[in-house]
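The structure appears right after this line, and notes come after that.
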Amino acid sequence: MTGEHAKPDADAGAETGNSAAIAAAFADGPAYVPYLAVGDPDYEASKAYVEALDRGGADVIELGLPFSEPIAEGPTIQGALVRALDAGMTPDRFFEFAEGLDVDAPLVCMTYYNLIYQYDEETGPRPFVERAAAAGIEGLVVPDLPAEEADPLREACDEFGLDLVFIVAPTTVGERLDRIMSRVSGYVYVQARLGTTGARDDVSDQTTESLDRLADYDVPKAVGFGISSGEHAERIVAGGADGIIVGSALVDIVADGVENDLSTEAVAERLESLSRELKEGAERGHAARAEAPDAS
Amino acid sequence: MSESDTRTAEEPDTAVPSRRPGRERGRDDGKFGRYGGQYVPEALMPAIEELTDAYERYVLNNEDGFMDEFRERLADFGGRPIPLQRADRLSERYDREIYLKREDLLHGGAHKLNNALGQVLLAKYMGKERIIAETGAGQHGTATAMAAAHLDMPCEIYMGERDINRQRPNVFRMKLNGSEVNPVTAGRGTLKEAISETMRDWATTVETTHYVIGSVVGPHPFPVMVRDFQAVISEEAREQSIEKTGGLPTDVVACAGGGSNTMGSFAAFVDDEDVALHAVEAGGSTLEVDEEAGVAPNSASLYTGAEGVLHGARTKLLQDSDGQIMESHSISSGLDYAGVGPELAYLVDEGRVNPVAVDDDAALEGFHRLSRTEGIIPALETAHAFGFLEEHHEELGERVVVNVSGRGDKDLDAAIEETDKRDIDEAPDMSMFTGGI
Amino acid sequence: MSESDTRTAEEPDTAVPSRRPGRERGRDDGKFGRYGGQYVPEALMPAIEELTDAYERYVLNNEDGFMDEFRERLADFGGRPIPLQRADRLSERYDREIYLKREDLLHGGAHKLNNALGQVLLAKYMGKERIIAETGAGQHGTATAMAAAHLDMPCEIYMGERDINRQRPNVFRMKLNGSEVNPVTAGRGTLKEAISETMRDWATTVETTHYVIGSVVGPHPFPVMVRDFQAVISEEAREQSIEKTGGLPTDVVACAGGGSNTMGSFAAFVDDEDVALHAVEAGGSTLEVDEEAGVAPNSASLYTGAEGVLHGARTKLLQDSDGQIMESHSISSGLDYAGVGPELAYLVDEGRVNPVAVDDDAALEGFHRLSRTEGIIPALETAHAFGFLEEHHEELGERVVVNVSGRGDKDLDAAIEETDKRDIDEAPDMSMFTGGI
Amino acid sequence: MTGEHAKPDADAGAETGNSAAIAAAFADGPAYVPYLAVGDPDYEASKAYVEALDRGGADVIELGLPFSEPIAEGPTIQGALVRALDAGMTPDRFFEFAEGLDVDAPLVCMTYYNLIYQYDEETGPRPFVERAAAAGIEGLVVPDLPAEEADPLREACDEFGLDLVFIVAPTTVGERLDRIMSRVSGYVYVQARLGTTGARDDVSDQTTESLDRLADYDVPKAVGFGISSGEHAERIVAGGADGIIVGSALVDIVADGVENDLSTEAVAERLESLSRELKEGAERGHAARAEAPDAS
């Protein structure tokens, strides 16, 4: 392994990963990290939607590469992945998609391990990572890959300069937490609550506890699962998060567009506008935290 | 301490059990060579760790007498031991001794209860308050619902909406036993989606809930735990074979879907190197696949699948070149799964298990043959093992044990529909049944 | 011969088996007090005499090891011994120990195989080449078809045309096992007519053919012979009760149609005078009868019937004042018969057996209760025994054995239809099943 | 028991029963014994049909009292019994019917034991026999009553002067035959072949053997089961029978009338004409036997 992964008690602000762009995204102020399933509901519209996120202020964009058995997703994102698959999305098309995007934010690919593992004749994660790097992807999130099984992928990411983001659940403590945090880079995905993805509008106690538990690890903490409004984002960042990850609330807009047969432009506009709201919320939260006397 | 010296002197003769590494495989780390593991969302890891701990304490170390209670309930509620029956007419037909391990006689009509009862009881020992399970054809769901009623545990079963419509009698049986049946509308509404959905439920409810997985699949410790619960099949069969015939069988044959009856039938024989083990998969209509449509018209993941990760484990899978899981197909819905237990994948790679595929036609013929000649109507899953016997008996040794994993009452409609499409010698006159029962 | 003196001295302690007159009753002359006999056409008498002779030689005297082979096949093919299971939740509910004799686990799903296998095997020992049997709901027919396939005997089953249309899955099962199913169009096309028709076939084919009657009814030696084959139920249960609980049960409960599972459940306890025996009949919708239409909306022949002669025996019957046999009715087709075994009629008159009637409603509630609380879906016939338990448990002793004569898979459609008509607490939400499965 | 029942080696021609009329029917020449189900297809038509048998030359008439489970009957007679039951026939109506008949031939009631046993509150056969005697019935045939169970009925018949006819099958030999023949009176019903009733047109070897077996018993031997034509009747009587019993062939005519909606007169005429044919056939057979040198 060549990357310098998150270590407790490392100097705050030190580079925690391979991607300078991702590090930069978290460096100045809170990061807004939106997620969309690529190819939902089709290639062209999806491109417009992702670009709208960028215009709306995305600091990092998570691109979902659809897998047929997305065991970590709630019904909303599941539905998006099925739409994308039905519209013909494949790993190769995904990389083309990434290459063709006109966005500023660094891209992170979120997918399941089997697609990474199977990408080439030569099984193992390396070919996928190589291709991802070539397509301009700067990081990976793999929800079904536990730290224990991640070393081959970690190595490939280090070789090609990608970050490997891990998810930390409210129940992740002790040794397991160390094991994960010794392998994470770029940012850690803090799961706001137990369960799968899906938009909700309260802030969970579990989030605060998770952030407390992670305080000593030198890596940006992005909180996700269920964030749906600017206010919501504000409270989470005020609570100590370095960024917010938003998926289902955005996917809901895409789904609504499909259901009501809205124009690509109309949907893109709504995505951009919710993005702006979320980003501003996060910034308000950050400001509040800076003012608070006990902020670290 | 002079007494202990005396004891030590005697120990080598009696106290060292013959090492049976095959039985221990995977128990510690969930790895079977390259296969196995725990490929699950982080949120599930604590549950998996808690379960691993409970598995070690209760199942492996019989803490609080768990295994004693399990065996007693399997006997009293389940009907174990289950006979190993000589099949007189098949023995004559194939000119070798054919023995049937009669799991079709287990309460519920299939081997599934061995596992379901073990896991529901374990959940009780763990202090869980709720059981969830996935089901495809409904066999695992009905077994779990029975075990949950027996042990007074609230139970919810996830089942694809399409499967619900195809398997209404089993849905009704689950409800009769007091279980909720939750329709899964996501995706294509079949077993794969039901498993994913059950994992999602578990991810939100791990603290109170145990997920009773239905085969030797999923993340560690499921594959070893389910195998250990199902191993009672081969433990009994091995003893019964010695008792009845004076020796071990030359061959053991079992059908393989996820592989729980397969591993259950093989476990006690894995270390008996002279016993050949045959895992019979569903060859469906053909072993060719339609890459374009993402459909394999079979579910021969051991025979034709490639290594990959599905539902928490690395194993052999039916997948397209991108790694997307294929829709599998079989005349028997219980074999209709794109994956297989990681231990089987390992044993096949090692050459210890012989993977074979039997197509829909041969399975259906096996169904009719066993019904007509032995008075046992097998499940369509089980029928694949008898298709294998017909096609390959000349390659087998002189004493073959076939696991009759389940009975066919659940399959009467499917048997009518499929028999109608074909011209099968051993089938009865079907004219009055055309169009279903 | 001085040695023999020594032996004699020891004998009284060990060699004199306790006399069990109850077990011998009827074996010699087919008479149970006023009941029993051989009221058959003269053409059948030679067959009946030949059968009586074979019964004495093979069944009573184990000639050529008949009984040994029978027991071995019952074990290997049938799955005996069958457990006696403590029902934890019912025990709690009724505040006494409730034990279940799990005949539902016998191959085929009901106690019927004990008898069918015995008779088909006997036919083989007698050199017969062909088997015939009657069936109503199809349970005895399927058991006979299984036994005939197992023993490679050509088999024809007579079944009323109306029953054929109501019980198509069972018709299909018989055909799968290679039996012919002959529709009986005479009369009203139900069980009574099927029995008469089978007797007619037998009258023309006695030399080559054995008639496998389905319960402890018909002319001698059927009632004793079927009882002796079914007695394995109570022989096992008696031993298991002693082993598990240290003593005999206070009560034994079994449903009664023709009475084969009833007599099977009681036989070994008849001489244990402290064990109360309860025969639960189908009370149908009401115990009143419609003399005008010749219809009894129940089949409580022990409870309400009068002495008469039917199908070869004098026994208790449902008949009008002229002596015409009534059409009986029950929610469970297996109890739906206007007669009952002559030995039961006798034991009821003697006060040894307590006859009780449980109506359709209570039986259906029993069906749901057992399914939901114990994870066992009983046959609707069996469910009557659980209806009795609910209504009369306070009158019972502290340790009650209930015979679970069969499983309910065959009854799912009927359960849906009947549950739909009622409002039953323990039933699941039925909305998705209205209109059948 | 007061009657003198058939005994082997008793004097030929001695009275074998309680009914002088039945004895007389067999005394001069072969007896033609037709059977019909009473009440088939209804009371009035049935009356006309039975009277047609009488006109056609019946020496004894067997009247079937329908029982719901006629286990000894083939489909033809079964059908007749069901029709009669459906039209309301009961034991009491049956006796009325017998009382109202205008016939010369003595009447024998053929029915199943449960109807006899159940006739009155006081169970047992006596009340039925008493009532039958009052209605002018001179004998009974009870196909499901074996000799072993017949003593109470035998006694009642003797008390009221009825004959009790037993059926002897081709398989009835040795002790059983003796047991039956020691209880029979009037005539013995020789079952021509194994099986149940039903019209056939060959003569079975079993018949000849049965007649040989019965030769030493001093009781008229009437052969039944399957006789359908004059020629058939002739052969059977030539073979040694003292009478012929004909059921199904006659019932077939009734059934045909029902099916084709024929008039009562037309059916009655056909019954009368077949009766005549059968009777004449029997007489030809008798004549042939008298001429044959080895006839007994």
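In order of appearance the chains are A, B, C and D, and numbering begins at 1 in each one.
Following the convention adopted for this analysis, a residue touches a chain if its C-beta (ideal position, glycine included) is under 8 Å from a C-beta of that chain, and two chains touch if they have at least 3 such contacts.
Here the structure is a predicted model, which means the values were calculated and not measured.
Among the remaining chains, not one touches chain C and also chain D. Look at where the CA atoms of chain A average out and do the same for chain B: the two points lie 38 Å apart.
One simple way to say how far apart two chains are is to compare their mean CA positions; for chain B and chain D this gives 67 Å.
Rounded to a whole number, the gap between the C-alpha centres of chain A and chain D is 99 angstrom.
Of all residues in chain C, none touches two or more other chains.
Taken chain by chain, the contacts run in an open path, each chain touching the next and the two ends left apart.
Pairs of chains in mutual contact: A-B, B-C, C-D. Put simply, chain B touches chain A in their complex at residues 37-43, 45-46, 49, 186-187, 192, 195-196, 199-200, 203-206, 294, 306-312, 314, 317, 319, 321-325. Residues of chain A touching chain B in their complex: 67-75, 78-79, 82, 85, 90-92, 112-119, 123, 143-146, 148-149, 166-172, 176, 180, 191, 194-196.
Within the complex formed with chain C, the chain B residues making contact are 75-77, 79, 82-86, 88-89, 102, 104-107, 109, 145-150, 152, 168-169, 171-173, 175-178, 368, 371-377, 408-409, 412, 415-416, 428-429, 432-433, 437.
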